[in-house]
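Shared chain: chain A. Partners: chain B in the first complex, chain C in the second.
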Partner chain A sequence: MKIAVAGAKGGVGKTLVATALAQYLGRSNHRVVYCDADVEGPNGKLFLHPDIERVHPGSVTVPMLNAAKCSGCGTCQSICAFNAILAVGKKVMVFSELCHSCEACFIACADGMLTRHNRHVGNISMGMAGNIRFFEGALNVGEARVAPLVSQVVHAAVRQAADYIIIDNPPGTSCAAVAGQEDADVVVLVTEPTPFGLHDLKLALALGRRLNKSMLVVLNRADLGDDKDMMAYLASEAVDQVARIPFDRQIAVMTADGKSPLGYVPAFDEQMHHVAAAIHRLQEAIA
Partner chain B sequence: MTDKIAISVSSADGLVATMDMQFGRAPFFLLVDGETHSPIKTLSNDASQAVQGAGTRVAVLMAQNDVTDVISGQFGPSACTALEELNVRMWTAPSGLSAQEALLEFSKGNLSRQSIMVMQ
Partner chain C sequence: MKQVVFVSGKGGTGKTSVSAALASMLDVPAVLADLDVDAANLSLLFDTQPGREIVFMGQPRAQVQVEACSGCGKCLAACAFQAIRIENGVAKVNPLTCEGCHACTLLCPEGAISFVPHPSGVIHVQSASHQTLVHAALDVAEDNSGKLVSEVRKVARKEAENQGANLIFMDGPPGIGCPVHAALNNVTLAVIVAEPSASGISDFERILQLCGHFGIQTAVVINKSTLAPWLTSLVLNRCVEKNISVLGVIPFLPDVPKALSQGKSMLSVDGLRSTMTEIHHRLMDLVHNDR
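Up next is the complex of A and B:
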């Protein structure tokens, strides 16, 4: 079963929940994969402390111009929807950082002056964190396109033979978030009872609906503020809130120290138990 | 061929138009004669709403109109590379000036030249 842990707002505890869920499910001899797809700021390793065994480059296909033989006809520029190729007079320029790898230019260039070139955008690391198989995508600093590396690390993770594959998603609702959850059987949305948390939950839920996903909601720092609006919204959307992680000093101290509170804070364990139980119920419903 | 100056502006009001500070996203460009500073025409920027690559498209627009110097507030990295490659000189003006005031500062030599070297 593929579980995406997502949510539009940053800093609500997606990685806390994703890593704890991986550890919780891994306790009962399940084969568990944890995939850190938050490639702009992967930090699941801070909780899981994996031993990295292999690092593979992640790359995207971009055009490279054979300028010496190019006729400068400009067909490539007119086909490029992303303004990544410019042609002025006989001069043609490729801006590979703007390229979306649609490959239309390779087809359009009748003279075959554009060749495929791999542009390195980041790295995919693989290893073990205890009995959890660990994957992480890390985008190069300054790289503008996030989704391709997210897709690559997710595809690498979901190829594994496993009982549970947990995909720690990037925040937001852009292409990167779509890439992180499109393969998932269930999306666990993590949020908090604040106006920002509610605002961004609405966006995340709308995205999940568009992708036809089963969704569960985990409220982190559940007793932080007034959750009246949040609960009313969840009721109106008929989405299950399956866990309420307390706003707890011990959890904060442990996470700040790079330790998972699982196994140390009973109230936290109890909530992770609820998340796992909800996932098991969904799993039975799907099967 | 004489120099031709383009100024990124927020409206099509000739020399009294206020400058727009974003090269790629500016809605209009006022073209003026490099010597007399008399307006030639106003170009509208079709790329101003482009999802990405607006700056590179405007760079092409400049080259197609034989612009030798462009005055704006900020140039993105791709636009900067393209303009340099197309031999268009870039000048940055402080915000709040009209096109006319920017031209005056330009002719006094008060605007700073932008280049890839500066960007990096």
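Up next is the complex of A and C:
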């Protein structure tokens, strides 16, 4: 089963829940994969401390110009929808950082003056964290396009033979978030009972609906504020809140220190038990 | 025009709450902008009046004219995004994955594919207490957030020029990808809101590196400092090493999340006003002394 842990807002505890869920499910001898798809800020390793076995480059296809033979006709520039090719006079220049790898220019260039070149945009690391198989995508600083690396690391992870594949998603609701959730059987939305949390939960839910996903909600720092509006909203949307992680200084301090509260804060363990139980129920319903 | 943007790498470090508090303390004319177009929250901390709306047009998407399509499938092979499939003998485009690149039109023998612009977001121009706030909402599952960030900045700039304001005060998006690049482009100052946590430090290093990559003047506010004092020292040391101004250090007070959960400013919390006043003074000194 592929589980995306997601949410539109940053800092609500997506990584905390995703890593703890991986550890919780891993306890009962399930084969568990954890995939850190928040490639702009991958932090799962700080909680899981994996031993990295392999690092692969993540790359995208970009055009490279055979400048010596190029006639400078400019057809490639006129077809490029992303302004990644500029023809000035007879001189053609490729700005590969803007390229979306659509390959339209290869089709358009009748002279075959463009060849495929791999642009290294980040790294995909693989290893083991105890009995959890660990994947991480990390975007190179300075790279703009996020979604291709998210897709690559998710595709690598979902190919594994496993009982549970947990995908730790990037925040937001745009292309990178779509890439992180596309393959999931269920999306666990993490949020907090604040006006920000509610506003962003509505967006995350709209994305999940658009992608046709089953969704569950985990409320983090649940006793922080007034959750009346949030509970009313979830009821109106018929989405289940399956766990309420308390606002607890020990959880905050342990998390800050890169330690998982699982096994140390009983109230936290209890909530992870609820998340796992909800996932099992869903699994039975699907089967 | 001076332009200040608050960024963080990691989400949830307090960009919005810190920038909103500082915005409300500004004693010079300024326009506010929320550049987190995926999940814009700045307006939630202000009493905004309904204002003007501008529709944002996204990348045109492929559309197949069913009558003209022969179902030959050449477009499928052309599409690098697997956005086309043949259904009932004609090509069908998935608008969620189509990036609007035109590769399919190049190979379609029937000329059956056209590109149709579609609205993919809205820019709002509103008055928020005594300032104008520009913010936007990108529709879910859309791309082009970097372009929308640039559009929001253009609108904010025009507003500032019309009002004779010399400052644009911006709450940035999380991360280090395209919307952040668009947010950092040509700013006077980037203020990193850092959080002393294992994740916070890791993301702080990445955004610091990105600001360095673009050669942008950078300053730091440390938020929730007492959560992990040893990590706060680590951030402070990094700032000394890199010769980066620290505008101030905000302690972790449980009353802050409580105030925010009620939609109140962090300035309403006892003991924070003097800290924020100092941060405000240091920030304005840096902005005015620039260049």
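We adopt the following convention: the second predicted complex is superposed on the first by the 287 of 287 C-alpha atoms of A that agree within 3 Å, B and C clash if a C-alpha of one lies under 4 Å from a C-alpha of the other, contacts with A are read in each partner's own complex, and residues count from 1 in each chain.
Heads up, the rule we're going with is that a contact is a pair of C-beta atoms (placed from the backbone, for glycine too) under 8 Å apart; a residue touches a chain by one contact, two chains touch by 3 or more.
The structure presented is a predicted model; accordingly, all values stated were derived computationally and were not measured.
Judged by the number of chain A residues each one touches, C leads among chain B and chain C. Legend: residue contacts after superposition of the two complexes on their common chain; A:95 is shown touching chain B, with no touch to chain C. By the document's definition of touching, of the two partners only chain C reaches A:41; chain B does not. In the superposition on chain A, A:58 makes contact with neither chain B nor chain C. In the superposed model, A:148 lies in contact with neither chain B nor chain C. By the document's definition of touching, both partners, chain B and chain C, reach A:82. By the touch criterion stated above, A:193 is placed in contact with chain C alone, chain B being left untouched. With both structures placed on the common chain, the touch criterion links A:50 to neither chain B nor chain C. On chain A, the surface touched by chain B in one complex and the surface touched by chain C in the other have residues 82 in common. Against chain B, in their complex, chain A makes its touches with residues 77, 82-84, 86-89, 91, 93, 95, 97-98. Within the complex formed with chain A, the residues of chain C that make contact are 8-13, 16, 38-39, 41, 44, 59, 78, 80-81, 96, 99-103, 106-107, 138, 140-146, 173-178, 181, 195-200, 202-203, 206, 209-210, 213, 227-228, 231, 252, 254, 257-258, 260-263. Of all residues in chain A, only 8-12, 15, 40-41, 43, 46-47, 61, 79, 81-82, 100-104, 107-108, 139, 141-147, 170-178, 192-196, 199-200, 203, 206-207, 210-211, 221, 224-226, 247, 249, 252-253, 255-258 touch chain C in the complex they form. Here chain B touches chain A in the complex through residues 47, 50-54, 56-57, 59-60, 63-64, 78, 81-82, 85-86, going by the rule given at the top.
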